[in-house]
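Provided herewith is a single structure, encoded as structure tokens, for subsequent inquiry.
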Amino acid sequence: MHIFPFVVVAWILGVGLYGIVTSRHLVHQIVCLIVVQSSTYVLLLGVGYRTGAVAPYFFDVPVHTPAVDPVVQALALTDVVVEAAVTALLLALAVQAQKRFGTLDPQELVQLKG
Amino acid sequence: MTDPHLLAVVTPYTIPVPLMDVLQVTVLVLVAAGATAVVLVRDLPRQVIVLSGYGLLLAVLFLVFQAPDVTLSELTIGAVALPMLLLLALAKIRRREK
Amino acid sequence: MSPGQRRWVFLAGLAGLAAFYLWGLSGLPGFGNYPGPYGYIINRIAVAQTNATGVVSAVNFEYRGFDTVGEEFILFIAVAGMAVVLRHLRSERARDPDKPGEDWSIPAATDAVRLTALLFTGPVIVLGWWLASHAQTTPSGGFQGGVVLATSLMLVYLAGEFLLFRRISPADVIDAVEAAGAAGFAAVGLTAVALGLPYLKNFLGLGAVPGAVSSSGTIALISFFVGLEVAAAFTLIVGELVEQTLLVQQGDQ
Amino acid sequence: MDQLLPLATVTPLLMAAMIAALNPLLGRARRRVLDGVAILTSAAVAGLLIAILIQVAHRDQVYWFAGFRPQRGIAIGIDYAVGPLNAGLALLAAVLVTASMIFSWRYFERVGSYYHALMLAFLAGMTGFCLTGDIFDLFVWFELMGVAAYALTAYRPEERGSLQGALNFAITNSVGAYLSLSGVALIYGRTGALNMAQISRHIATHRPDGLVVVAFVLIIAGLLVKGAIVPFHFWLADAHAVAPTPLCVLFSGVMVELGLYGVARVYWSMFGQALGHRSTITAAFVALGVLTAVVGALFCFRERHLKRLLAFSTISHAGMFLAGIGLLTPLGLAGTAVYVLGHALVKAALFLCVGIVLHRLGSVNEPWLHGRGRRLPVTGVVFTLAAFGLADLPPFTTYLGKGWIEDSAASQGMTWLTVVFIACSVLVGGAVLRVAGGVFYGLGDPPSETMEMARESSEETSETDEGKQRTPLSMIVPPAVLVAAAAVIGFLPRLGPAAEAAAIRFQDEPGSTARVLFGTPVTHPAALYPVQSAGISTGDVLTGLGSAAGAVVLACLALYWRRLPLLCRGFEPGSGLVRPIERFQSGVVNDYVTWIVVGLACLGGALAFGIR
């Protein structure tokens, strides 16, 4: 349990990069980019975790209860919104590229560009 | 509807630490497998559905990492909104590919 | 490179990078042993300092509020970017007299789907509103609430009421709402400057009781603006893609 | 008074939102109103930054957002930590945005309302990136800058290449950004801090272990991608070739340099003391820099597409900047800062002139344009002057910056760096002068017109309406002013000492830590290396003159190579020197990501064995 979550982080990152490199379809590639980014959420929340602590909300528990790190959670929230924004923009690019090129294979896109 | 206790967080008072460990390891393994599945499924609409499931798994993981706020975001954005955007984009792309 | 060569070159590189990355990860203090101090200090002082019991929201909208300004504008700019990238298609349609914009046909939803979707719309709006207005108390906030609010509009669309969808989300108005949300956040910060305080300083009364909806001053206000911006942004994003989708279907017939 | 600092970022953001909100209400006069508002806003930001630069000239400033000052050395909020170098770079960005907005006044026939909002948000991202003292905040502004830049690259989606360029740009830079974010999370896991000064203070006391090295390499990964360092540079030529010209000014003039600034900032504000092993770091950065400079220069010289040619010259210069930073000396950093300034001014002028050529003649294909630029005498003069500036001819500021980097390298026993720098300057300057002579003065042998050329020349016409009869004043004045500024700034009497003092303060890690966390005023920062004085020496002037002369000779050779049978093969596009490495620039984003991973593994491995 000591390092296992971080190994999972490295695995997600590697798998996502593998997907990007071997992808033959831009939308598939964009989804793989989402996977790459998801490794950063797991890493962020992983480093801020504290065994046996509560979530950082003091609505129904006393203020001095040990709680996990709220900062990484705020960072992860920011990260999730950034992901949504970047993905939306990339999708728009892909949709338009499909219209112009008739294909979304990165390999073929280059040949068609001329 | 507006009773905040309905959304009360999972606290260690409800789940003892050893059980929490088991839970976390299980979910982590599932997340790793989910990420692999997302990458390896090359058939597009199916991949988006797998991505949605992966988002759901991540949301559960964040819950057991005591991050309910991120869980909510991941649920709304990662498991619902993003797959929906992808499906909309695919609907358009596939229609033209035919 | 051919795909085969690329895969092997990549795997060699990835093996190196993975080893390197794991070397770094092994230097972390171990899972479950967050060393602090940042989070501990925030946990200790946030409730007393801001009267917000949801500490994550306090970090997002107060201690690290400036990050959130940037993040809101990332979303804002991404939507503007989508409009830029897709605008050409739209102007093509506008020029085409044979395809009047009103005659949109969409795949017919079954009555069961339509009914369910419409039934859910009301509760979803309430839920979104609740989330956006409780940032300071419980796990919720402008982001989640905003997305949920946008979802309610998607439900209307799912119900097959596309014309209704168009009517309640005319692009110009949503544009303005989105900009107002983004600008509102930045302007809350500037108001503090105008009052002679540091940018984004919480200048409103904190309320008497920690955890009350009316507590925590600008945190609630900023969360509201974020909710506005996020809801409008997601509506616009979906709108951009929906218009595209419909356009193609139109072209097929 | 320091309330000015947040305004430098918030003003353009707020104006971007206002433009988007008020856009439907403006009606017919919309275009000019928007242009005017955008120009005024960016000029106002430039004014603000001048005021900030004056304020921080002698004492760095720290601004805590929402007033959360650090308590007992622990930061709980976000800060802007500003010295002359950061403020100067942000000012450069604002000036270039203003110049390209003025240029766009007449350049685009139709321009959507979002263009202005995107430009202003891009500016805000750049200023935020320069000024912030918080590592996660740096990432946020990095992303804002990126998202605005991707969208602007695809500003003409009707061009096929622009979508492909934007996609490659967006995917490679996003991968880089997420690697950077992983690095931020790693260092946070160790120190529990996001403030750069606090991180520095925490890790400085221990021996560098795996986590510190890995976090450093991952954080700079995204910045190296942005900074177009080989092998992370592939996206740049694809994006530059297709982005609208006013954007290229910003991409080449300041965005790439911001990536390298980020490397310097991350090194000196966080990791410098902790990593130690300065000679290893110097070796790694100088090696990367030299590789980049040489590859960029070779590609630049063989290129016939004017925008791509200038893009490769930017890559070459990025390599020289990284080498200058990598020397880790005050003089090296001061030289790099001045070189960045001079390069930005002349490169912006060159791109704007290419924009005029595109506007008037409808092509950026060098062989097709041969002699056709004679219709544009003023543009020709400005372009030629800027080309000499790029070839480091005194008195253009570039020769000073490059001279100081070379002086500093020589004092560390790296005299060979001077040779490499001169060679790169000769290649890049020669290529640009070849363009100047061939296009604007019809020198050299006219190329044989081929079908392919005609096709290529007709590709690039949609950016503006074809065949304009006059060059509008609003298009020729910005490049002329920029070139004049590049020539004049070199004469500023206090430029050298001021730049060097700023560099010493930038490199003073303990001093800046104390200032940020405890508010201690630092009066006499200690330099890590013996300070060499930065002045105008005969050596600098001579090497500058030498590279300019070499560039002229090379340009003549390139123009008249058909008459010299011995030399001819190396110059023909698609043959000669660069064919073996040309295959790397494939345009396939999968390849680019592969090279990022491989390059990162190599850099990481090198530093791991060097530092451990």
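So that you can tell them apart, the chains are marked A, B, C and D in the order they are listed, and the count of residues begins at 1 in each.
In the analysis below, contacts are C-beta pairs under 8 Å (C-beta built on N, C-alpha and C of every residue); 3 or more make two chains touch, one makes a residue touch a chain.
All of these numbers come straight from a predicted model, not from anything done at the bench.
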item	value
Comparison of B-C and A-C (more C-beta pairs in contact)	A-C
Rounded Å distance between chain B and chain C, as computed from the means of their C-alpha atoms	17
Whole-Å gap between the CA centroids of chain B and chain D	39
Averaged-CA centre spacing for the pair chain D and chain A, given as whole angstrom	28
Contacts with 2+ other chains: residues of chain B	4, 9, 67-69, 73, 77, 81, 85, 89, 92, 96
Interface hub residues of chain A, defined as touching at least two other chains	1, 4-5, 9, 13, 17-18, 21-22, 24, 39, 46-49, 51, 55-57, 59, 67-69, 71-73, 75, 77-78, 80-82, 84-86, 88-89, 91, 93-96, 99, 107
Per-residue overlap in chain C, given as positions that touch at least 2 other chains	3, 6, 10, 14, 17, 21, 25-26, 28, 34, 36, 38-40, 42, 54, 56, 64, 67, 71, 74, 77-78, 81-82, 85-86, 88, 137-139, 141, 143, 234, 237, 241, 244
Contact pairs between chains, per stated definition	A-B, A-C, A-D, B-C, C-D
Chain A-facing residues of chain D, complex	136, 140, 143, 147, 150-151, 154, 157-158, 160-161, 163-164, 166-167, 170-171, 174-175, 178, 181-182, 185-186, 188-189, 192, 194, 459, 586-590, 593-594, 597
Chain A partner contacts - residues on chain C that touch it in the complex	3, 6-7, 10-11, 14, 17-18, 21-22, 25-26, 28, 30-34, 36, 38-40, 42-44, 46-48, 53-56, 58-60, 64, 67-68, 71, 74-75, 77-79, 81-82, 85-86, 88-89, 137-139, 141, 143, 210-211, 230, 233-234, 237, 240-241, 244
Residue numbers on chain C that touch chain D, as the complex places them	1, 3, 6, 9-10, 12-17, 20-21, 23-29, 34-42, 45, 62-67, 69-71, 73-74, 76-78, 80-88, 172, 175-176, 178-180, 182-183, 186-187, 189-190, 192-193, 197-202
Chain B-facing residues of chain A, complex	1, 4-5, 8, 11-12, 15-16, 18-19, 24-25, 27-28, 30-32, 34-35, 38-39, 41-42, 45-46, 49, 51-57, 59-61, 67-68, 73, 76-77, 80-81, 83-84, 87-88, 91, 94-95, 98-99, 102, 104
Contact set on chain A toward chain D in their complex	9, 13, 17, 20-23, 26, 29, 33, 36-37, 39-40, 43-44, 46-48, 69, 71-72, 75, 78-79, 82, 85-86, 89-90, 93-94, 96-97, 100-101, 106-107, 109-110, 112-114
